Structures are given as structure tokens and as C-alpha cells.
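Listed next: structures, encoded as C-alpha cells.
In the two assemblies presented below, subunit A is common to both, partnered first by subunit B and then by subunit C.
For the complex of A and B:
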């Protein structure tokens, strides 16, 4: 029986339990619900919970655990010469066995008998059914595949029976417990509370998952390449990872990527900070409510546009424009119409990323500027300062820690931004300071190393995780520090 | 200000001329400062307009497609010369349909099909998609063979671009994709009304194709739809449950603090890191298929959760304590208070936050690149486990294509994406306006 069908049946049992539980409770008190401890629905829910939750848990555990059990018992039945081979070889053999097993399910019994133990025929027969095999199957594989199919079938049947029995039994036991003074509501609410706690710990699980998964893969990487060579290497040249060639030597230096990331981020902040900050000041201090109600949403539209759109804008509009502009300028000055700004360059990527960051800077600093107490402004204006003097001498200094926090958060966005730099910054990992030349970033390299065919053993692939954890740590530090500043500052006025 | 000094004026004699306190300079500075603000704001808005303009001006043509409507003779000579279609069903599948179309077009244009150069020029005016189009027609109805039917055929991408005026015809013909003869034919047919622009439904339904004229976002739309469904089904209940616990039940202790800091940080983790997580956990460890929209949905769920949790907590906080006090006072349990009273009142805020989170997820590209959604998928996925792609990823793939016609397609796909985002955001705004209560 398929998993979804089992789930459906369990759900039906649950609904039936709900109805039966509620009716039973009402019947016990002769229809007078005031004699019940809880409202009748809770008795129904109590039965439904006991019918569904244990059954689904069993189903889930079974689905996760049974492939491991089956695979280990098939592997333990391998002939000794296969067992002597490396783990990777055994993995390949097992992969082939499971394809054969899948293919054999598609064959009829006669076909299996006809093909018999002749491996070459089997390959052809399976190929005709749309199950290609990587090589000629060996006789032991065919036998193992048969065993695998039998075990899978047995496991499925047992699972179906166990799960359905658990659902019925759970529902029945709960049904038996129902009596007028039974505290059904408290029991059900306890279950709900537990599920709320589970839901909120998913946030922690995600963080743990991020850190663990990246640390494990990065540790694998550091067994191939020493950590200091990665963190302090100045050459990025990973070479090509050909599948199965066993990892040719490459150089994995983080420094050029980090430099590119910071440089592009810096250029972006150079555009975003003045524009964003001045817009925020204008909207908070000068603009009439009408202007504010139009301008603020318009700026926020910039934040809602997906970054891939910015990337496309940089690639097809800004990059060519800057390139042509530079060649015109060059032509006017020197008479030589060759461009000095590349279409993909630090400037292009930084400029477009700057546009993207404007709304972050402006809305974060807007909040902080409006949070400065009215009294400070009134005092300054009352002493005869102009508005701009009040802003420069009173409001901004008071808001400074918060603004710094906002800028740090924006910087962490700039560091982690991917699509704009993938399309507009170029792929050459170089260490140079000319903003008109292409450079590359950590995120670009993560994307480059992980698109296309990959195997999880070569350093060319694993380096992406080392880059990822570097990125994660950098943004985490920036954010925690920013949060710390913002929180500390907020307390001052509350 | 000078008025304030007037009481003193009676005692000390007013001096001739005012004391220069630099008021002019200070007012000038004030005006300058204000101008900076206006300039900054207008810069931001101008950039927004430029961005939208560049996308729309390049992309609106993608919704029109050049078609050539001509009588096509399904000649038995070409399709099935040995008359073996009854015995060999493969014959109709493998027949040379492009020749059928080319001959038909050559007849209309009066070109000689035996002249190889001219024949090639004629053939290049039609899309490679005509092979499948005519094949499907004939396979569905073999009786067509031997008859002449009027059929609308896709023009090739280059002719499409040229007809829309996107290819500079002043460049000498060696350096452009369409030659002078083809342009002449094109204009001749346009005048005769056989070649013209029609609404391009294909961009919404077709799958990936290496031919720009036959490429569409159909598969990507389905993939994105599956992902949004998964995100909605997982992120909304989990997010709401987590927020209820944190806002209403959680005791103030280290564990709760840890969760709070975690959620705030997760909201700021770069999206590409979620892609790495998805690749390592869902694809590598759990063995889910790459390129599947289910994996994409899981990754986007994790990414959207913090947004939804933050929005939900704000909405729950906004429900006044008097509601809770009233419900508790009437004997409701805490759970009943929250689920029967607080949650329904907070629902508009929660849904608004969810829609905004979904809109973000819909436009997210980077994590999907890592879990292998960069795939050439021509067939519709039937389940979330089938290989598929997503709207922003399709845009990314098209953006990397060099052909002129793909720039137009990319912009067209961006317009579709932006339309969806606008719809979602307008929905969120309307929801907020309609249902939000202020206490």
C-alpha cells in the first residue's frame, strides 16, 4: 500500500474516532453536556489524537529506518570478494542492485524466468523497460536484487499492518477511557502545547542544521586542503572537477574572493548609504504626510523586487551603458574609443547592489530617526537652531548608534547577496583595486562550484561548504553586533 | 528673533545695521540640506523607474509572436513516399516535416527549392518547432496526407526579432542573423497579410527550449506553484504555532531567549546558505531527488519561517490584553482563549505577513540554483518529486543565453514574475485595509 494511501486511511480512522468519541461522551451522560468535564468535541479530539499521532510517528520512523536496515542486510549478504572492496565500490554495487530490483518489478514473471540468470539478457530486458543499468549485472546481484525486493515487500506489508493496527488500537484505548469526569480538554491541550514547543524549536533545528551540515562538509574539505591554505591562500584556481577522476590538485585561496566581496559591498554601500540616509532624513523630518505616504511605499517597492531582476538590469542595461559611456569619455579625451570600464565590473555590480540596498538603509534609519524623542528636537529648535542644524547636531548624534547598527545589517545583506554579483561581477578571482575591472565574490564561487554535475567527494565541490560557513560566520557576527547595538540604544529612551 | 532684543533697545541705543549672525548662510545651509534630501529621494525613485522601464520596454514584445499563416500541402511524396504508414507507425513520427513546411513557404514566396541557397534561406525563416507542430497534426489525423491545409507556423526567432524591429537592418548582412533576401520576403509576406504578430500564448505554457520562439515558462510556473503550495502548507502552521508558543506560553528563560536570538538571526542569514543546507541535508543526507520542487519548497519554507514568525508575533502582540482577560474571566482555558479569540483577531496580520513572505520566496533564486533547479526541463512535472524549475531560475537561465530573442523572453518572464508579486502585495494591502482593526 502506498504511503499516501496509508496516511489517508489513518486520517479516516482519526475522523471516525473524533465522531465516535464525541457521540460516546454525550451518550454516557444522556445528552446533558453540562455533566461532562469537557465539551464533547474534546472527547472526540482525544480519541482522534490517540488514533492518529502514534500511528503517524510509527509510519515516519519506519520509513526512515527501514531503508537503512534493508541496505545493511543486503550488504552483509555480499560475497566476500565484494566485501573486500572499498566502501565506494560497495556503494556502486548496491546502487546497481537497487536499479535491478526496481527494473524487475516492471518485468512479468515469465520474462524473469526467460531472462533467468543470464545477466546480459537481463540488462537488455531492463533497458527495454526504461531502466538503464551502468554495467552488466553479476549473478550475485540478481539474487540480491530478488532478496531486496522480497524484503521491501515484507517491510511494506508489515508497516501497513502495524500502522493501521496502531491507529485502531490507539483510538480504541482512548475510546475506552472516556467517562463523564474524564479530563479530556486538559489532555488534548497538553498535546497541543507539546506541538507548539516542537514547532518553535524548528528555528533552533534549522540553525543547528546549517552549522552541522556545513561544518561536516567543510571538515571533509579540510582533509583535502589544509585550513590555513584555504583561509590565507591568495590564489583561487580550483581546476576542473571531472567526475571520477579523483580530485586533481587545485588551489583554494579565500583571500581574493573575500577581497572581491568586501570591495563590491563597499562600492554598494558608497551608493546606498548617502542616498538612503538622506531619503530617510527627508522623509522623517521634512516631508509632508502626503509626500511621505507616496514616497515611502515607492522606495519599499525597490526592496520587493527580486534580486534576479536587479541582476538582469545590471547585465543588460547598466553594464553596457557604463561600458559605452567609458568608451565615449575615453574617445573625447584621448581620441581612442576603447572602453576602460568592463561590462562586468566591480562598479556595475556595486552600483546596482547599491540601488537594491537603498530601501534597507532608508527604512531602518527612518525608524531610528523617528524614535528619537520629540523633546530633543523641540529643545534644539527652541534655542534657535535651524532644522538642518537640529538634525546634524542633535538628532543624528542621538540616533547614531542605531544608524550604525542599521548600516551593519545592510552590510551583511551586501556580503550575502548572490544573484546581482553572479550576473554582473564576473567570475575571475583576482586581487586588484581597479573598480572598472571584474572581480568575484564568495557567493559567486559557491554557485559556480555547485551547479552542474557534482560528487560529494571532490574538494572542488566541498569547498563551497567551507565558503558557505565563512559567509555564515561573517554575516552572523555583523548581525549579532548590529542587534546588540540597536537593543542597547533602544533601552536609553524607553 | 530680532524682536526679542527690542526691550533692551530702549536702554542701549540700537546700532545702525543689524549684527551679522550669519543667518543668511545658515538659511542657505538649511536649503542645501533640504535639497540633498529631495535629491536623494528622487534618485531612489528615478532608479526604480529606470529599472521598471528597462524591463518593460525590452519585455512587452515577448507577449507577441510572429506567425506565418500559409497553405501547407501535406504531400505524400515527402511524408511517406513508400506508402508504408499502415505497416510502420514509426514512419509518421520520423517523416521530414520541416521540408513540408519549407516547400509550402517557398511556394508562397515564389522561391526555387532546388536552388540550395534560396531553399536554406526559406527554411531558416521557420522555427524548428514546426517539425513537432506538423507531426502532431498528421499523427492525430493521418487523413491530412495528400490534402492542403492552411496552418499558422511559428516564425524563427531571428525573423521574429527582425519583424519586431530589434535587429538593426543597416548593418551589412554578413554581420546580422537575417539576410537581405529574408527581410525582403518578410516584408512581402507582411504586406500580403500572411506574416503577422499574434498574441503569444506559448510563453505561458511551453517548457524549456533552446529555440527562443518555442521557449516558455510553463514548467517554471508549475514548479513555482508547487513550491508556493509547500511553503504555504508548512510555513504557515509551523510559523503560527511557534509564534503562539513564544508570545503566549513561553516562560522567560534561557531556552526562550535562545530561540528568539535564533529567529532574528535566521531572518538575516543569506539565502544562499539555505541552499547549502538544502543540498547537504535534503539532497545528500535524506536522498531526495535533485531539481525536485519538493526540495525547493522545503528550503524556501525554512527561509520564510522567520518572516512569518516575526509578522505573527507582531499581530498577536497587537491584540489587546482585555480580550484575553475577558475570555479567561468567563472561564475559558488559556488554549481556548488563544485559539477561539486571540488568533482569529490576529489572523489578518498573520495572513498579510504570510503573503509577503510568500512573495519573497517566489522571487528567491540563489538557494534554488544550488539544489539543481537549473535544469533543462521540457515536460510538465506531475508530482513535486519530478524535476522542475522555477520562475526566477528560468529567468536566470535565459539571462545567460546570448541570442537577442532570449533577452526579450527574459524580460517577458520578469514581467510575469513582477505581475505575480504585484498581485500578492496588492492582496496583502487589501487584506490589511479590509480586516485590520485598531484598538
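For the complex of A and C:
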């Protein structure tokens, strides 16, 4: 029976349990639901939960565990000469066996009889059924494949029986427990609580998993390249990462990339902060509700544009425009029409990224400014301050910690931004301060190092993980600090 | 009944017009919040160097009237004021009047203490600074000290002038707000239930302060507490459903009011 069919049956049992549980509870009190401890629906849910949850858990565990068990018992039956081979080759052999097993399910019994003895025929026959094999199967493989199929079948039948029995038994036991004073509501709510906890732990565990995997790969990298050379190196020259070249002669200096990242982020903030902040002040303090209700969503549309689109914009519009503008300016002043702004430059990337960040700055700051209590504004206005004095001297100082927090969060976005810089900043890892020249960022280099055919053994690819974890730590610190500041600010008014 | 009592009030006011000087005169003041009318042709005069208490059940319009006196209603969306209010001889709703200047002359203390999240010194010096009342640092120090002294807060805070104003207790915060209003040397101080967020001891201090401030300022106070109105004010005005029911000497209001509704409200029969 297929897994989805089993799930369907379990679900039907659950629904039946829900209906039966509710009816049973009502029948126990002769239809007077007020005599029940909980609403009838809770009794139904209680039965349904006991029917469905254990059965599904068993199903899940079985599905995960049985392939491991079957694979290890098949491997333990390998001939001794195969067992003597390396782990990788045993893995290949097992892969072929499972392909054969899959193919044999598609053959009729007579065909199996016919080809069983001759491995070459088997390969052709399976090929005809759409199951290609990597090599000629050896006789022991055919036998092992047969065993594998048998074990899989047994496992599946047992699983079906166990799961369905568990569903019925769980539902029945729960049904038996129902009586008028039984606290079904508390039980059901506990189940809901547990599922909420599970959901949030999955989110947290995923984060932990990502960090751990990056850390392991980064540690591999640091066995090739010393950490201090990476963190304090000033030259980025990773050479090629061709498969099998194995050359670790490249230089992996983080400093030029980090400088580029911070420089471009800085230029972006230079554009985003004043514009975003001013628009937030206008929205929060001056705009009439009508203007606000139209302008705020419009501004936030900017936040919904995919960053790759900003990248196009930078690449095809802003970059060439700045380049041509600079050549015209140069021509007017010196008569020499050569451009001094490159199409791909810190300025281009920073400018476009700044546009991208405006809605973050304005939306976050707007919320924070609006959260400043009205009483403070009234207090200032009541003393004869003008609106702008009130904003400058009371509202903004009160909102300042929150705004700083918002800016830090925005900065962490700028540091982690990828697509705009890939298209607009260039790939030259240089240390220089001219905003008209291209520079590159950590994210661009991660993309570069991980593009194409890769083997994850050379420092050329592993460096991406070291870069990734560095970036992660930077943004994490920025975010934690921002949250700390924002929280501290909130306490002021509570 | 209503008409009669209002005309009676007007007659009484007319009689006294010759003897007392009025700081602010409200004539046919009506306030609309959008379509809703919150005040109906209120005629109320505020006497100089007198504490006038505005009483009445919640939603009767007393706070609304108070806020028309320094145009704080301007900060509320779609709020409209008709009628005429004068401060001395200036029509405060005249286009020539700068609302900022008006609010410097008619200060306000709010229901909930609302010190700015700045130091005590900066809280008090805020108003003088924006209006340029101090020539130099010493001048400013003097204004701050005098204002805090007037608000009866000086001895309590003189050693921590540069600590945050929000760190004070509720009653101290409210007196700080009064000091802040006094620092601009207004002519009139409006108080919107200044003690409703305070405990009885802090309330007693603020009431005592109001009593002392009367010598130099004209005070209009909105209060929910009849006892407070009786304790601090010389004149009392009773509002009901957006109408001015009665305005009289406080002593008379609380012993022998002209209007039955005032009587009922003071006796606790409604409100």
C-alpha cells in the first residue's frame, strides 16, 4: 500500500474518531452538553488526535529507519571480496543493486526467469524498461536485489498493518476514556501547545544546522589556509578551482573584500538614511492621513522589488548613465571626453543599493516615530514650540535609540546584499578609496567561488564557507546590537 | 430650563462685569469633531488671578473647552472651533495671531505627567530656550531655579538637575511639568485633570501649589473630583452634554447651586 494511501486511511479513521467521540460524549450526558467538562468538539478532537498522531509518528519513523536497516542487512550479505573494497565502491555496488531491484519490479516473472542467469541480458532488459545500469551486474547483485525486494515488501506490509492498527487502537483507547468529567479540552490544548513548541524548535534547529554546516566546511578551509592569513591577508587571488588541480597556491585575504563590502554599504547608507529618514518624518508628522494611506504603501512597494531587478537597473541604466555623465563633465571641464566614473563602480552599486534600502529605513523609522507618545508632542506644543521644534527637540531625541537600531538593521541588510553588487560593483578585489572605481564584496566573491562545476575539497571553493560564516557573524552582531538598542528604547515608555 | 438658566448665568455675569477683570472671554464657543458637535455655544469668562474649575461628567466637553483656550485643538484632525475667544483684547482665533505665541502666553499641564526624556534642567529650560527668554547660561540657571521653586520642586531636585526627568515619581513629574509651564512665564495656565494620575499625597502637594500659583497666574483647571474643585477654585463652571450649565462662585456652587443639574451632579445623582 502506498504511503499516501495509508495516510488517507489514517485521516479517515481520525475523522471517524472525531465524529464518534463527539457523539459518544453527547450520548453520555443525554444531549445536555452543559454537563460535559468540555465542548463535544474537544472530545472528538481528543479521539482524532489519539488516532492520527501516534500512527503518523510510527509511519514517519518507519519510513526513515527501514531503508537504513535494509541497506545494512543487504551489505552484510555481500561476498567477502566486495566487503574488502573501499566504502565508496561498496556504495556504488549497493547503488547498482537498488537500481536492479527497482528494475526487477517492472519485469514480469517470466522475464526474470529468462534473464536471471545472464547478467548482460538483464542489463538490456532493464534498459528497455527505462532503468539504465552503470555497468554489467554481477551474479551476487541479482540475488541481493531479489533479497532487497523481498525485504522491502515485507517491511511495507508490516508497516501498513502496524500503522493502521495503531490508528484504530489509539482511537479506540481514547474513545473508551471519554466520560462526562473527562478533561478533554485540557488534553487537546496540551497537544496544540506541543505542536507549537515543535514548530518553533524546527525553526531554531534549522538555524543551528546551517551554522554548524558552515562551521564544518569553514574548518576544512582553515586546514588548507591558516586563519590569520585569511582574516588579515590583504591580497585576494584564489587562482583556479579546476577539478583535480589541487593547487592551494592562491592567496585568500579577506581584507579587500571586507573593505569593499563596508565601503559600498557606507555609500548605500549615505543615500538611504537621509532620504528614508526625511520621508519617515514627513509620513509620521506632517502627512495627512489621506496622503499617508497612499504614499506609505507606494514607498513600501520598493521593498517588494526583487534585488536582481535593482541589479538590472544598476547595470543597464544607472551605471551607463553615471559613466556618460562623467565623460561629459570631464569633456566640459578639460576637453577630454574620457569617463572618470566606471560603469561598474562603488558609486553605482552604493546608489542603487541605497534606493533599495530607503523603504527599510523609512518604514522602520516611521513606526518608531509614531510610537513616541502623543503626550510628549502635546507637552512640547503646549509650551509654544512649533511643530518642527517639537520634532527636532522632543520627538527625534526620544526616537533616536530606536532609529539607530533600525539603521543598524538596515546596515546588516546592506552588508548581506548580493544581487545588486554582483551586477553593479564589479569583481576586482582591490583596496582603494575612489568611489568611481569598481570594488568587490564578500557576497560577490562567494557567488564567484561557487559558480560552475565544483569539488568541495579545494580551498578555492571551501573559502566560500569561511566568507559566509564571516558575513553571518557580522550581520548577526549588527542585528543583536540593534535588537538590544530597540528593546532598551521600548522599556522607556512601558 | 436650560435656556432660562443660561440667561440667568449671563445676567449674573453682566452684573459682575463691572467689578472684576476678565483674563479670557469665551463667546458662543462651539467645537465640532468632524460632523459631531462637542460644545454648544458656550459663554464662559475666566477671571484674572483666579482659579476656575471646570467640572462635569465624562464627555461633557470641559476638556474640549479647556483646549480651545490655547488652541491645542488645532493638533487634532478635522476639529473645528466657532465663536470668539479673547485673551485680554486679542481674538486668539484671529488669523493674525501666532499660535506659538499664544501657547507661550497660555501654558498647559496635562492629565498624565509627560516630562520629556531629558534631564530635569533641560525639561524646564526647554520653553525658555525656544522662546529665547534667557540671555546667557546664568540667566537660564536663574529661570530654571525660580520655576522649580515656584513648582515646589527645587529642594527635592536641586542636587540632581542633570538626571533624567522620567526618573522622578509621578507627583514630582507632574510638578516638573508645572515648572516647565511656569518657566515660559505664561499669563494663564490650563490644567487638564492634573492630579488624576497621582496618589493622595502628591495630589495634596499639587493642590497646594495651585493655590500659591494663583497669586501670579490665571488658572483654569479641569477636574473630576468635586472635592478638588471645592478646595482649589474660587469659580466653578459645570458642563453637561456640551453645554455650560452654570458658572458661579465655588462656595455657592457647592452649597446652593442655581441649576438643578448642578445640584444633582454634586450630590452624586448622575455623572
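We take it that the second predicted complex is superposed on the first by the 299 of 494 C-alpha atoms of A that agree within 3 Å, B and C clash if a C-alpha of one lies under 4 Å from a C-alpha of the other, contacts with A are read in each partner's own complex, and residues count from 1 in each chain.
Everything below uses one rule, namely that contacts are C-beta pairs under 8 Å (C-beta built on N, C-alpha and C of every residue); 3 or more make two chains touch, one makes a residue touch a chain.
Note that this is a predicted model, so its numbers are computed, not measured.
K.L.:
Applying the document's definition of touch, where does A:447 land relative to subunit B and subunit C: first, second, both, or neither?
P.N.:
The first partner, subunit B, only.
K.L.:
Let me test your reading of the model: by the given contact rule, A:377 touches which partner, first (subunit B), second (subunit C), both or neither?
P.N.:
Only subunit C is touched by A:377; subunit B is not.
K.L.:
Touch test for A:289: subunit B only (first), subunit C only (second), both, or neither?
P.N.:
Only subunit C is touched by A:289; subunit B is not.
K.L.:
Between subunit B (first) and subunit C (second), which, if any, makes contact with A:304: first, second, both or neither?
P.N.:
first
K.L.:
What is the contact status of A:312 with respect to subunit B (first) and subunit C (second): first, second, both, or neither?
P.N.:
Touch status of A:312: first partner only.
K.L.:
Name the chain, either subunit B or subunit C, that contacts more residues of subunit A.
P.N.:
B
K.L.:
Quick check for you: in the superposed arrangement, does A:428 touch first (subunit B), second (subunit C), both or neither?
P.N.:
In the superposition, A:428 contacts neither subunit B nor subunit C.
K.L.:
Please indicate which partner A:394 is in contact with in the superposed arrangement: first for subunit B, second for subunit C, both, or neither.
P.N.:
second
K.L.:
So which bits of subunit A does subunit B touch that subunit C touches too?
P.N.:
Common interface on subunit A, subunit B vs subunit C: 384, 386, 389.
K.L.:
Across the complex, what residues on subunit B touch subunit A?
P.N.:
Touching subunit A from subunit B are residues 1, 26-27, 29-30, 32-34, 36-41, 43-45, 47-48, 50-51, 54-55, 58, 237-239, 241-246, 249-250, 258-259, 261-266, 268-277, 279-281, 284-285, 302, 305-306, 309, 333-335, 359, 362-366, 369-370, 372, 374, 392, 395-396, 399, 407, 410-411, 414, 417-418, 421, 425.
K.L.:
In the complex formed with subunit C, which residues of subunit A make contact?
P.N.:
Its residues touching subunit C are 288-289, 373, 375-386, 389, 393-394, 397-398, 492.
K.L.:
Where on subunit C does subunit A make contact in their complex?
P.N.:
Where subunit C meets subunit A, its residues are 70, 72, 75, 77, 100-104, 107-110, 112, 114-118, 126-127, 130-131, 166, 177, 180-181, 184.
K.L.:
Using the touch definition up top, name the residues of subunit A that touch subunit B in the complex.
P.N.:
185, 189, 192-193, 195-197, 199-204, 206-207, 209-210, 213-214, 216-217, 274-279, 281-283, 285-287, 295, 298-299, 301-302, 304-313, 315-317, 355, 358-359, 362, 384, 386-389, 391-392, 409, 412-413, 415-419, 422-423, 443, 446-447, 450-451, 456, 464-465, 468, 471-472, 475-476, 479-480, 483
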